[in-house]
Amino acid sequence: MNISATDRQKDESPAVPAPKSPMGLVEIDSGRLTPLQWIERRMLSRPLIGPIAVLVLALIVFSIVSPNFGTLQNFSLILQQVQVIAMLGIAQTLVILTAGIDLSVASIMLLAQVVMGKLAVAVGLPVELALVLGILVGVACGAVNGLIVTRLNIPPFIATLGTLSIFYALNLFISDGESVPYAEVPPLFNWLGQGFQVFGTTFTFGQLLTILMFVLFAYILRSTAWGMHIYAVGDNLEAARLSGIRVNRVLMSVYIVAGLIIGVTAWLLIGRIGSISPTAGASYNLASITAVVIGGTSLFGGRGRIMGTLLGAVIVGVFSSGLSLAGFDNLWQEFTIGLLIIGAVAVDQRLRKIGR
Amino acid sequence: MNISATDRQKDESPAVPAPKSPMGLVEIDSGRLTPLQWIERRMLSRPLIGPIAVLVLALIVFSIVSPNFGTLQNFSLILQQVQVIAMLGIAQTLVILTAGIDLSVASIMLLAQVVMGKLAVAVGLPVELALVLGILVGVACGAVNGLIVTRLNIPPFIATLGTLSIFYALNLFISDGESVPYAEVPPLFNWLGQGFQVFGTTFTFGQLLTILMFVLFAYILRSTAWGMHIYAVGDNLEAARLSGIRVNRVLMSVYIVAGLIIGVTAWLLIGRIGSISPTAGASYNLASITAVVIGGTSLFGGRGRIMGTLLGAVIVGVFSSGLSLAGFDNLWQEFTIGLLIIGAVAVDQRLRKIGR
Amino acid sequence: NAAASSNSGEPLVGLVIKTQDNPFYVKMTEGAKAEAEELGYNLQVASGDGQSDVDSQIKAIENFTAQGAKAILVTPAGDGIIPAIQKAQQAGILVFAMDSPLGAASGIDGTFATDNLLAGQLVGEWAKEALGSTPARIATLDLSTDQIPVDVARNQGFLEGFGIDTADPTKMWDETDPRLVGHEVTDANEAGGRTGMEKLLQKDPTINLVYTINEPTAAGAYQAVQAAGLQDQITIVSVDGGCPGVKNVQQGIIAATSMQFPLEMSKQALQAVKAYLDDGTKPQNSEGLDFTNTGVTLVTDKPQDGIESEDTTWGLDQCWG
Amino acid sequence: MTTEQTSLDASHARTISDELVIEGRKLVKRYGHVVALDETDFEIRKGEVLAVIGDNGAGKSSLIQCLAGAVQPDEGELLIEGREAHLRSPVEARRLGIETVFQSLAVSPALDVASNIFLGREIRRKGIAGSVFRMLDKKRMRQEALGAMGELGLSTLQNVGQAVETLSGGQRQGVAVARAAAFGSKVVILDEPTAALGVKESGRVVKLIKDINSRGIPVVLISHNMPQIFEVADRVHIQRLGKRIALVETSQIDMADAVALMVGAKTPAQLGLESS
Amino acid sequence: MTTEQTSLDASHARTISDELVIEGRKLVKRYGHVVALDETDFEIRKGEVLAVIGDNGAGKSSLIQCLAGAVQPDEGELLIEGREAHLRSPVEARRLGIETVFQSLAVSPALDVASNIFLGREIRRKGIAGSVFRMLDKKRMRQEALGAMGELGLSTLQNVGQAVETLSGGQRQGVAVARAAAFGSKVVILDEPTAALGVKESGRVVKLIKDINSRGIPVVLISHNMPQIFEVADRVHIQRLGKRIALVETSQIDMADAVALMVGAKTPAQLGLESS
């Protein structure tokens, strides 16, 4: 018999040595692997291998094709371009891990942002208060989604298809469709767009915040009970319920935390575009889902990694920037992003199959 | 003991009398029901009761509010306004019943339509041939979706999120973003927009075709093996596979038939708007899903009725028309449609719970 | 207020706009409501769901026809709505196009529009003068890949005004002039403007003139320019004339913009409706155009010789939104 | 029997008192027009092993789902240690110390064995890593999970870090049983815990039931395996057509009669039992 | 044994020949790094009832999944009636007359009992309604389904028009068994068919196996229920750690030895069996 210890790892923590079975019947052959085999197995069994492979490939190809592409400056730019989608992607990932989906993330962001602007500029509240209240609008919208899902028992796709329209209509109602111009936006609102220089390249506080949020939520999902429960609820709701998890409480908390993240993203968006606009980023609903999906998280819930979403967002940004630098028209950029979505997921699946 | 025969019916065919169990242990108490109870149970256990209730309620309210609403002419108009979404909804329902989703229906329709126009007007092919080739483009697009889902094993949401962009880009590429104006559209293409008078009200051939298609697919889903297999595949793919159903063949056929229906809908769209426009109806992807969902079909697959989709599309049309006649701004129409989606599904679930 | 006043005694006039998330149409609606109240009409508004949503507009025209409207004002999202307009006309309804012309062949009863080609030309001519002898490196930030008529007219007008051969004037991006560095589509909002500008600068950091489809796009583009520290090198021009846009002209964020007048547009159109309902006169097109031009004015604080313009003080007085 | 009794079986020394841990009175559960529970009664005494037997569809699983808070009865009342209780969710039942292995197993397929065993009551690290950063002690959970699985003798399980979906049917059942055994404090309920288990593993489960019980914890066992039931149970609750038709000491009925009652071949009256 | 033998049991009259219906040679199936089948052999003769026993995780389900076309072995060959076969899907196995009840049951929860039984081989109406309009004969399918379920004595089933998800665990298993019994023509494979069944229903399944077998159809039975196996099987295939360690006539081994082999307490050599 030649049963070897499985390398399947549910998380990225260092591998626990395969325990000897109490009856000692199991042989472990990891010791017999060559270092190369070991690396291969270790790498291929990682859930992020697919997105990483796609990203590395894209970086190599585009760097060869366009000389302007492979600069630190451009990488910083790409990260700035995708930071809003990536942040929405954190919220989206949380929801998708519970086997849900949130079609309303962009609407919530716009509403929160417009409320911030209205309160600070038209109403004249202190800027800090307006900011906090705007973020709380995000939290409230998340809570509304959560209540519809948990109390009315409506599938998240349908619930957020509804609130997508509702929040967007409120956003237009409050803003009258008008932007607050740059000159009138209080500096605090714009703070996340401010930058600092490293190696002659500009980085922004917004970029930093985005990365920090990813690290934070990667930790939470991997190492806390709440994170574990999110996976359990998404994996099998009924089993989680019977196992004594308060599934409705977990779901509510996920939608509320998602709303909080989206509220913060509203702040990030203002810093990014310099003004407060009721329409900037209305297309980010699907874009955030695209990032999650390319990052290898399953739309059926219970499987995936938050860092995949960051990779997914960056991959889309790299393609969009690379294609544009290589002189492709927007039409063909759209076409290629379509192929990318399918291709990236196909590559991910193929690699994971080999990796097992 | 007082176990009564369950009235749960999986389809709309006349109820089969509850069989006596072979051991004669089962008492049947249907006989003891009052006629009212009987009607109540019978009605409430129907899967379409939710959408019907919402529709009837909406018709009553709007007829009271606006005198112009409750006319035969207006009903014909509403049906004309929703026919394209309803037809796309047939395709969408088939896909959703297999536990899939098709985000690309509108893109396929636009592409098929633009190809028809290009072949007939710019290339100068015979109109009939151009029509058939256009419909075949729909079939081909459906086949592409099917291949991605079955061969590459990519979840339908992701597959069609990709092809949504791909088909739309092709549509713009072929049409150059230009419409074929009314005057240049061959009469055959416009035929489904032609009408005839009944009771002083205009009906169109397109409406007729739409209704016929619904009747046809209701029959197919309810009474043929292919229909049964669609439900089985959507209900539990693995169980269907182990039960000896060629699941990939069923899935392929569903996407291809969906493509065929969408191809025909392209013809219907030309008749509806009179010209061939590469951008008309780009928002129909979500609209067709909305119709399916309001019609009570489960997004998880395996449960639902095609006639629900017709009702769903009509309900949205009735609200949109009724709110507009009652003088509501579009902003509030959008808001109300959002509430409608959530409300209709909530009502449906509540009624079904009582009905069991 | 959710429901509009339904004074059923007053003649019904329908206004069909393209989208409600653009202040231009919001203002047009406000102007129309004010004027309708003045004239004693019951004005109702319907909207599409985007710049090219033909289908919703057809629906809206049908619904107004069914309600027995006396006149319909529509901002066409495409010529797909012509058959619906003709059906409305057959029902005895007066139909005007607003904002963008449908062409004489449509048989429309009248058109009240901004001359978008002219709007583009004005900023193009101004830019040529402003740049003077500096060799031009031009980028355009357009609306979308769909080649929407307004998008095309403004873009081609700008190039024409600058003196660039537009090749096919009904198509964007078919030009071959070496001064044109590139173009990106932006969805006409700030986020698209910024990302588009960043990509263009990455492609070619020598850009010194940027045309933008509207002022929100320009505001976004400026953020990218500023981040790259190129605000002294790059001139941004735009079209629209909304108040936030004019303020940005005042701040020097946008160098010049062509102002259009949605309030005027509504007013003129409703007065023409009154004229027709009173004695059957139909509006006359402006000279040399197949529509009634409701005016375009160049707004800038850096006037150039030989080019008529107004300053931002005037602009802030006249702007909408 | 109003006094405490001590089991004669020395290897199985424990006390059964008359006090009821859980009592159900006239519980009714309907599913649409199907009546799964038809005014059934239920009781389990401190310290005893109670077997619930009955035909397929007799309502055994429905009954214990009511006791475990997984479904709410439509009518009837539930008393836990004499006090009326409304278990609105499995969480509440667990908090009261009622631990259940459901027939559907209730495991999360994508999670590993250790996570499944500790689901809902994870162990956090010591110190601030646990209290402030709320970090889980995965290593410890794995070790304890390994111990719990080892008790069941599931020797072919290769890694407690393995996802449950990759386990065989029996291994999966082992995970569910190990979880209940590790945490049960007031009552442990097992719905067909050995259905998918092999001979040796079934034997281990029987031993485990005895172990749990010898700690003084009462056990409810649903099973179709009569010899097993008569080996381990003190009393048998016979469920038929949604009702409890008899509740007898195992010593006072033989297997054949129990089966005859269960399938309706005999009535309790025929056997001289008061219809409970 | 090269000649045909006739069973002594009169009520169970049938002939077993030496001809093999299915033969598997050195089948290997790996899941990642887990080796579920490790060069295992398999054979079943015409007319016999073959029991497959083994510990949880020994690879029994994996083995029969290979025979049923549900999974494809990584190595080894499969012969059906002496000819090499590659079963790429359960459809192909079915078409060859191999009918299987999977441990996971493989029923569609939202479909009703009748639809489940006829899934994949629905009956169409007579005449043009069936041939042109391809209309299903639902009435007939319901009647036949009722008959098939009745054979199993699942008396509590209230309506064959009921969705399978509303059935109890045992009723659900009954649906799967009824389907296999109704359609099996060359071999019927049952993976733990009585795991969730009651005493009476289990007895019915044993009788059903005998009925099927008396029609000359060989049956493969996976079960952990030793008395049942020794009642019904002609030979026992003992699976251990992914391998067949023994294949013996039930008459030549006793229950205790079979269990000892299965759990590894004894080796085939110790019992004088050639390690197959």
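We call the chains A, B, C, D and E, going by the order they appear; numbering starts again at 1 in every chain.
Basically, contacts are C-beta pairs under 8 Å (C-beta built on N, C-alpha and C of every residue); 3 or more make two chains touch, one makes a residue touch a chain.
Remember, it's a predicted structure, so these values are computed and weren't measured experimentally.
Both chain A and chain C are touched by B. Considering the contact criterion stated above, the chains in touch with chain B and with chain D alike are A, E.
Chain centres here are C-alpha means, and the one lying farthest from chain D is C.
Chain centres here are C-alpha means, and the one lying farthest from chain A is E. Computed centre separation for the pair chain C/chain E is 74 angstrom, with centres defined by C-alpha atoms.
Inter-chain spacing, taken between the CA centroids of chain B and chain E, is 42 Å.
Inter-chain spacing, taken between the CA centroids of chain D and chain E, is 30 Å. Look at where the CA atoms of chain A average out and do the same for chain E: the two points lie 47 Å apart. Counting partner chains per residue, chain B shows two or more touched chains at residues 3, 5-6, 8, 25, 169, 172, 331-332.
The set of chain C residues touching two or more other chains comprises 20, 145.
Residues of chain D found to touch two or more other chains are 31-32, 34, 104, 155-158, 166, 241.
For chain C in complex with chain B, the touching residues are 2-6, 20, 44-47, 49-50, 52-55, 58-60, 62-63, 66-68, 77-84, 105, 145-148, 170-171. If you check the complex, the residues on chain B that touch chain A are 148, 152-155, 157-159, 161-166, 168-170, 172-173, 286, 289-290, 293, 298-300, 331-332, 334-335, 337-342, 345-346, 349.
By the touch criterion given at the top, residues 31-32, 34, 54-58, 61, 103-104, 154-158, 166-171, 174, 192, 195-202, 224, 226, 241, 259, 262-263 of chain D touch chain E in their complex.
Partner chain C is touched in their complex by these residues of chain B: 68, 71, 73-74, 77, 80-81, 84, 169, 172, 176-179, 181-183, 193, 272-275, 277-284, 320-321, 324-332. Residues of chain A that touch chain D in their complex: 3, 5-6, 8-11, 13, 16, 18-19, 21-23, 25-26, 219, 223-226, 228-229, 231-232, 235-236, 238-246, 302-303.
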